[in-house]
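Below: one structure, written as structure tokens.
Chain naming follows the written order as A, B, C and D, and within any one chain the residues start at number 1.
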């Protein structure tokens, strides 16, 4: 971790993420207005009272911007966590068991690659509602399969290690081997995976919000703000550009951090990501 | 003899005749139109020309119905030149067809075509289900026999989808796209593009002016449609978000048209046991607490919408009865007083209000509703549901005995005649939220009476009484509605938008 | 090689079968059915229950799910994708052209993006850790981090509205010749390319850097072989090998994954068709598209395998 | 045998290579610098051959590359000079160096498979050097390539040029890279570990070729290796490196016969001296503990069509028996099947259940199928000490786990027990709370041994347990192992390619090749008088360095090398 922070790009990335996180957490205290309150001054230009002006419902755009990352980040980080934990357990179990179980898991991974992401989310959201928990699960499952692949690959290498063999020879149970011997040793990999998955989840969530399948109003959300502001791009460009910049810098920060972390840990971020 | 048919008999001259202003119309030319309404239509290569599977606002390009409803929601003759009840209880109607009309393939319009068309509509069109029998009569007239009296039946003949097609079996009728309308299909790209070309043998002499219309579907993609308009790819964009209006109006090259009426939202208040909406005072408090003017001001823009009156009637309807209005502080105070009287002195939580993005402004509409109701002590959560499957989600299986109810949720509704609109508040229909009780019974009695009543003035009195009942009882909340809007480049002339988007006509549009 | 292809093919068939089944049953969790969603709220509200029941029976929607599932599988075995529920149109006919268009978009994107990505990767890999590399890698990461809808909308705003060089939205038809369609879609292609170059560039850069550290590159370097020759003749083919698999998967996911771009630009592709089919509960269409997407994955993987076999004699047996 | 260098002695001609006070530093990602070559100076005359010896990490590979003016990314020459034919390579620019590489100085890299471009036929790779560096036309290069391949002793050059590297054997690949390196007859030829990747038989052939090349050429040669046998075989001078410094240098005969430094003696000690008596003590033959009869093994290859199509046999009819408390050595090169044999007995690979009997009863194949008691009684120590301990857990955990699992000890009791095991193995109890990375390799392996003995096993399988360790700590580890083995009366299966280990530890030995047992019997008998030519090659390849210093060593024979 310290080695990662010594790289300027990684440092910048980490800083971006931290700033976004702090702002998101502190939004209720630092935002000058409530994000949903109607101030009866629609489309005010940026000024001393409303730093970025107001949107067409007369809500303070700056306050909404401060709040706008909260839910998206919650979904992204929670989905990242779901993906990493679920994916690691599944992948390591596949590496441990091999055989038929491994085949089934790998078919699942392959199926995920073959099922269009949007179809998966559309089915999920239409069936179970457009709420935050549903989004977390849907996006988490999508991101999970990539983690399954990488952690399985790592697990297969670990299975050859003396300490795993020793545990096997001592008759340790599968769960113990996975939790005690394998999991701690893929922690580095999982840290990188988490950053990558969370950033890709954030991109996905904002795209889904844009398509109307993600976060829904009245939740202040950057993706929605971009979509909502597009109609006013010419007259009030700040309403689009500010949230677009926020999404991009946050994703960028996560990617840079992931890359730096991977670099420091001697892993390969570019190949882990994707999907 | 009804006033309706008398007016209709000499009505040809009343067909939209606004050619004025921009000088003499010119013949020829083509326009490219984009439309953005998320209108449910399921076209395929085979059916992209069928009136049931095209965008409703385009059906009157290739097709005609028997009757047309004008912008003032009055009946006008289209393929029928006269209609009159043939029974005292208004349950049998005779229609006289326009003579000399030909289909695009040159064949003449016959009573048999109307009969064949209505064999389909009877099965498929919700408003035509009341037609029990339809017969071609010896004198070329067509007789409709209904399951009950309906003094406003001619409105049904103007309903969307009820177009007249050349006779064919129910399974295949309409697939060819042949109609009697001002344009005929040149080509179609299902779900995307329909290209129409001028029908030289159109029954309205001298119309249409244009040679060609290219219609692009940009369902739910208003931004790209407007970008296309600005970039010169489209001459016109239909059904746009009302808040874009102000921006578009600044552009001297563009003209924004208003339909003068349009869609609005019913917020159904389910009154199952234990629901807060069982208490009339809560419903009244909600009706008072929601700042209807704020919705218009913030969501639609001044002049782009109307204050709803908790009935399905739209302000453009001559029968519309405006609600008595209170200044905002007074309304909030009264709402709070009502809540206190109902045992909620500190306000009440109404649960989750479900909505679906059926038009671009819905999200903003409900946010304003939520925020302003909060001022009166009524809190609610909002949850978006995807537009698809929403209807089923909203109604649930709706079986009170199983403990499943339809939800506190919204429905988008379009403007129609009182007969259809007011009937929607019947107690066994979801939109009324299981409205019951003496007032409901009185309401329905009035409705049945009105439907049997031939006289328009007397009917109007009954409709007014029904609306007053709704103001008092608030079985459902209909806070505000918006006009429909379209925007065109200045060279597109002779176009008028319509409160019922399915009644838009392109006959008189020309290119300057 | 043939054995490899056969084995891949057999495994893919298993995957396709599982996928078809998964999609079939997954769509069952959706509220309502094709009939419900084909009707408007007004229609559903006002249609008498017995009329509804009769129409469901007509469309076979009242049959138990397993029966429909067997029917569907039987159809697949006969290469019959079925018909749409409401309009009874052959599914194959509905998805053929959108699929062609999406494959074309993906193909053009890849054809244009791959050389650019390669050039960028080479520039970066040659100067690993130096300013060029940092700039290129930084740009790639930025390109990778901006959501497609933002890129697309900004491209429209700049190059179609403010500075009207290109069409803002695609008015070409689904069935238009590919040339016409693609000529109408420069901004859409640009949007996908930006993302693709960023993604592929990153992968190729890592591959190249890895290969440039390989023993054979050092041997050549120590033999005094010129650097350009080492890169082009020795390192590049080697670096392409891991890149190819990734690019194939990426291309396959492009086919069905550019929904956002298709929506923003109204491109008549399979992604938009898919969203529409889900919206309408046209289960057969959804399945057909999912299968088509899966077949794309399989085919692109196969292509990648062939490419790898061409580049890497070790995989030829 | 050619012992030509002895007669030629050290050349007095003007040195072709002069290295003076050379320092090379490595800058890590954390910004810290590490001096990997530290003040190295030496001369090399034309026609002379210098061996640079040292363990991995001694800086010998970095030095070898520097002789071509090359430093790997991240490292740089910080001071000193390398004069080749009078020119200071350290001050030449990269293009100037590139002009000289391949022509004036050339290198034969360590791993010939990885050092050849895998997607290009080997002929084209040689032709490339000939065309670009020797300036031959395409046609001439083709002919010359065939000629060179022939000179390198490659069979059927016409066919071979079209082959890809992976289709060649290890020896053939080594000959190809050699051909590439000498294509322009460089003044200085650097060979980096030229025999490491080869089996013993091939190694002898390749060394023979190098020796012939040395005779035929005028240029100087530098051979970098960890294997003193190679140095003894073909070098005039030797230079022993440790931690980037030269700790000893001189003529091979002098250095090997009278090593001044303990480190050199350690390196030499790793080479076997059969002349010394085996120190392995024969235990009185006890009752049979383990019996293996006709054991065969193949890996199942995954396939869709058949359930378990079998790969080539890894083990083919192997039989052995082991008495209680007996130590049995198993030797063979990699690929001989010795590790698989250990894996099957340990229960890592499911073998034929009937083939292995333990304590008179058939032993199920996989550990999971065995009883807890059987699992306790058979323990294993693995090759790589670092990988045999979980890097994320304290080493104490590793030793306490079997105590808790098999002996049902409480945590505190187990900790006490682990501490006493540590003490027996010469480890401080404080190390219990360390992580494996904080321990040296020898300590790690001792922890692994402690873990195995914690279960109080009857049979311990040791799989190449010394091969990852520095020569200096190997002996110590073996001493500890022998002590524990004697104390607990454990039978041991000692799998190794290192004959010295067997010589030292095991009274009885099996020689394996290609999944079969070639020879079995008393270690003394087999080592002194091998019956099988393969065994003889193994032994011969292992003892030349020892012979090189034989004369002097004879006098100090009773002195332990460490």
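Going forward, a contact is a pair of C-beta atoms (placed from the backbone, for glycine too) under 8 Å apart; a residue touches a chain by one contact, two chains touch by 3 or more.
Please read these numbers as outputs of a predicted model, since none were measured by experiment.
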Item to complete: Please identify which chain has its centre, taken as the mean of its CA atoms, farthest from the centre of subunit C.
Response: D
Worksheet item: Roughly how many whole angstrom separate the Cα centroids of subunit A and subunit D?
Response: 46
Worksheet, complete the sentence: Per the C-alpha means, the centres of subunit B and subunit D lie apart by a whole-Å value of 86
Worksheet entry | Centroid distance [mean C-alpha coordinates] between subunit C and subunit B, Å | 39
Worksheet item: For subunit A, what residues touch not just one other chain but two or more?
Response: 122, 126, 230, 234
Fill in: Shared interface positions of subunit C, touching two or more other chains
11, 30-31, 153, 157, 161, 263, 278-279
Worksheet item: Going by the touch rule set out above, which residues of subunit B reach two or more other chains?
Response: 223, 387-389
Practice prompt. Pull out all the chain pairs that touch, please.
Written response: A-B, A-C, A-D, B-C, C-D
Worksheet entry | subunit B - residues contacting subunit A, complex | 220, 222-223, 226, 241, 243-244, 247, 294, 297-299, 357, 360, 363-364, 366-368, 370-372, 382-389
Practice prompt. Write out the stretch or stretches of subunit C touching subunit B in their complex.
Written response: 30-32, 36-48, 51, 84, 86-89, 93-94, 153, 156-157, 160-161, 164, 167-169, 171, 173-175, 263-266, 268, 276, 278-281
Practice prompt. Provide the residue numbers of subunit A that touch subunit D in the complex, in ascending order.
Written response: 3, 6, 160-163, 165-172, 180-181, 184-185, 187, 264
Item to complete: Over in the complex, which subunit C residues touch subunit A? Could you list them?
Response: 11, 14-16, 18-19, 22-23, 26-27, 29-31, 134, 138, 141-142, 144-150, 153-154, 157, 161, 199, 202-203, 205-206, 242, 246, 249-250, 252-253, 256-257, 259-260, 263, 271, 274-275, 278-279, 286, 289-290, 293-294, 297-298
Worksheet item: Which residues of subunit D touch subunit A in the complex?
Response: 29-31, 346-348, 367-368, 370, 372, 375-376, 378-380, 382-384, 387-393, 398, 401-402, 405-406, 448, 451-452, 455
